[in-house]
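The first chain written gets the first letter, and so on, giving A, B and C; residue counts start at 1 in each chain.
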Amino acid sequence: MIDKRKIQEILEEYDPKELTIATVCSHSSLQIFHGARQEGFKTLGICLGRPPKFYDAFPLAKPDSFLSLDSYGAILDESDRLIEENAIVVPHGSLVEYLGTEKFERLPVPTFGNRRCLAWESDREMERDWLLKAGIDLPMRFATPEEIDRPVIVKYHGAKGGKGFFISKSKGEYLSKVDSSQRHTIQEFILGTRYYIHYFYSPIRSTGYALSKGTLEMLGIDRRVESNADEIFRIGSMDELEAAGIFPSFVVTGNIPLVLRESLLPKAFELGERVVEASLDLFGGMIGPFCLETIVTDDLKFKVFEISARIVAGTNVFIGGSPYSDLIEKDLSNGRRIAQEISLARDQRRLLEIIS
Amino acid sequence: MIDKRKIQEILEEYDPKELTIATVCSHSSLQIFHGARQEGFKTLGICLGRPPKFYDAFPLAKPDSFLSLDSYGAILDESDRLIEENAIVVPHGSLVEYLGTEKFERLPVPTFGNRRCLAWESDREMERDWLLKAGIDLPMRFATPEEIDRPVIVKYHGAKGGKGFFISKSKGEYLSKVDSSQRHTIQEFILGTRYYIHYFYSPIRSTGYALSKGTLEMLGIDRRVESNADEIFRIGSMDELEAAGIFPSFVVTGNIPLVLRESLLPKAFELGERVVEASLDLFGGMIGPFCLETIVTDDLKFKVFEISARIVAGTNVFIGGSPYSDLIEKDLSNGRRIAQEISLARDQRRLLEIIS
Amino acid sequence: MIDKRKIQEILEEYDPKELTIATVCSHSSLQIFHGARQEGFKTLGICLGRPPKFYDAFPLAKPDSFLSLDSYGAILDESDRLIEENAIVVPHGSLVEYLGTEKFERLPVPTFGNRRCLAWESDREMERDWLLKAGIDLPMRFATPEEIDRPVIVKYHGAKGGKGFFISKSKGEYLSKVDSSQRHTIQEFILGTRYYIHYFYSPIRSTGYALSKGTLEMLGIDRRVESNADEIFRIGSMDELEAAGIFPSFVVTGNIPLVLRESLLPKAFELGERVVEASLDLFGGMIGPFCLETIVTDDLKFKVFEISARIVAGTNVFIGGSPYSDLIEKDLSNGRRIAQEISLARDQRRLLEIIS
């Protein structure tokens, strides 16, 4: 992990009136650049080879300049260029995936948020400890097949995008399906409807839902569209499909907007509050956008099956504002909210509280 | 039912420049408060115990003040406080549920809309009579199992949120599933896609789709997200699930936005027109927002399976405007439309026409 | 086909400051009229009999005047009236369907876009040739049942709205279901999630994603809601339903908004680019809005199963702007974009390049 004092030194050399918001050209970059421009920042896109042409179609989101790399690893050699631009790098899921955890952690350039949360988020066991410490209701895990007494979802370790995951309604079904030569987790399959809730935790903004330190906001909710699981029912049920040699997969291809029953909002905020408070205790806090991936059961309880400790792609459905963010400020995307946070921290000379 | 002359007397004492829009802190309260503020009204939130903290996260929707109760029933003792604030109470589904029909009907405070519609809406038989009188196409009902000749949905009386409802594709399946010791209705299960259409009937606005008295608008359409029925297909079909002891439930957890094929709009307005006209005949009219819960079949016909005679939670997806309300006025939510109606009635000294 | 010189002569007589945007009162007319008004055009609605009353409910989209016909065929006799109004007719799916291909092609009134694309779009074989020439990945077609080695969807020729289409998971299932007395196509059923991508090709605008001639934009994405296929899973799987004599149908009743994983945008633009370039070679170009109807598989590849060479009804979800069009200009619907194109062409005296 890069030493925070090193980041502090770099920040002290930055011209606060000339900050540039930089990110990798994928995932949620359109709204990050758009939001940065709305708040008056310069923008820089990090890409492989030639700048992606698709930005030409979105003039309000096209970055002012590009840093073209031969490989994402080469970003470590280009940190001077980023520093010259007074760049603050905004991480998103693809940025972290492309660079790799290790390279991202030691990137000698100021990044938005707390890089220490990465270890907690990317390791399933640490993530589970964090959520349990926060007192969050999680799906059960079964150590052995003998314990299976309800529907389960079986997740092979290291499987990309949910490929190979399968669902069993009973122990017998599990035994007939599992490839026991592969490491896997047997997780309770929660019956209900999925809500991916987009939160924003600010250690410095004074308005919002008050926490022990700073405030919490909720900017929107999406549901992931998973290929092929979301449409496979159109040709048959799981059993019929298996008989035909067809299996479900859970690769995210996009997102749809939705809202939550308003009477569930107090609980939703409580969940957000708990994971932030636990993160403050565990590693100094998860700063900025995060997402709780929840299932709401038919007795109106939340089960949380995952946490993302940075901007999620589901926020892309709300580039022009959501039914929730519209109640904070019109046209407030997650990308714009990030830019506002950087702007506020700069003006209050508190950048170091939101940068690592 | 509170005497309308009593309400009239209270209204006459109100300072029309100081009206307060009040509602219970749940359901669709964010947009009701937000819309009221957009139109320049003061706002008051009615809650149990301490004011809900989540409003702090939505500064544009936070009520100016709160009336904290020990129980919702206690609102009857607090009517003076509401009257002091020149309050007009906007009812929504949760408000009516929490207070109970009887207490809501005799609440001695001006409420938006016609309280007489409550009896017609909350009793399944009266609701059915109303819709039939309006010439609306409803799902069939089967008096005895012998008549079942198509898929049916079986609804136990008094079941909350659709719990225990079940679907049968045939008479045999019905007989094997039903708990005949419980009172229930056997209703035709309509195959098609669900559209929950949000209308607004104004007895006083002159623009809009003209009715015999007043005008009709359409502000949006949502589809309810039902837990677990909407996602249960991901693990199997009904028969497979039942074999595993898993049953569908129909508890509303949220909403998604959608639009209707434009060629169906004339029919959609005709449906709205008919239920309003019938309501004018039956009980003096259903004023303000209402929702028809429809299924569009594959021969492009509407079947209406329910009516909600007040603001529905599905309108929450359109707090910032819908594809339909954008054609009336930008940023027009249902909550704002309610505030506009109160504002217009006040300015025209016609409050009594929209208040009961 | 009307001679382009005839259209040129008519256009030369038009008063460019008094152009009227006209279309048939259905499909996507609300946004076409609304967008035309936003850009300062007069508007005219073409309808059967009395003007539809539903426009009264949408004052920002109500056309300035109507042309009432006894039958859509009669429009050919009313072309003088349209020409008097300096009308440019914007075609949409319903307009073409109601008039019929042949009458639309010889309508002696300027129409937006290139009428020559109609032949290519409305004939399944020519459409397939066009897409193959563009190097687009299509679902396979099976000439004989013997070749069936995966799930297929069987489409009877001339079937309206997908009625009678059926899905088979194997050759055996196909044989047991097919009515071989009817002409039909056996198409590979692609497992994945559907995205209907709304593009706009401008031969004259200089901003946007550059093509060999003109630029490409992407204005939004929807998913069609199909009755009853989208909700039939709620009562059972295909096999269970068939046993009960219930069959799926694929009639479009509406649309929901969604977004695509951002890393797929480069591919999405490449698809759009290819079909436009091929159209330029084949018939002088497909001008204005078009839609690719795609499925994204779980290995994140696009399969295109249809092209619509004009505005699609799915754009109705974005009358107030989409997460994509918001990055071009706030409040930019497809209807408004069409009006902007006409406005720009007029100002540059290049109307003939976008009119036929």
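The working rule: a residue touches a chain if its C-beta (ideal position, glycine included) is under 8 Å from a C-beta of that chain, and two chains touch if they have at least 3 such contacts.
Keep in mind that this is a model prediction, so the values were computed, not measured.
If you draw each protein chain as a dot and join the dots that touch, every dot ends up joined to every other dot.
Of all residue numbers seen at the chain B-chain C contact, under half occur in both copies; the interface is built from largely non-matching residues. Note on chain A versus chain B: their Cα superposition corresponds to a rotation of 120 degrees, in steps of 5. With centres defined as mean CA coordinates, chain C is found 35 Å away from chain B. Multi-chain contact residues, meaning those touching two or more other chains, occur in chain B at positions 233, 236-237, 239-240, 256-257.
Within the complex, the chain B residues that touch chain C are 151, 167, 169-170, 189, 191-195, 207-210, 215-218, 221, 223, 229, 233, 236-240, 248, 256-266, 268-269, 296-300, 321-324, 326-330.
Those residues of chain B that touch chain A in the shared complex are 26-30, 34, 52-54, 56-61, 94, 161, 163, 225-228, 230-237, 239-241, 244, 246, 249, 251-257, 313, 316-320, 331.
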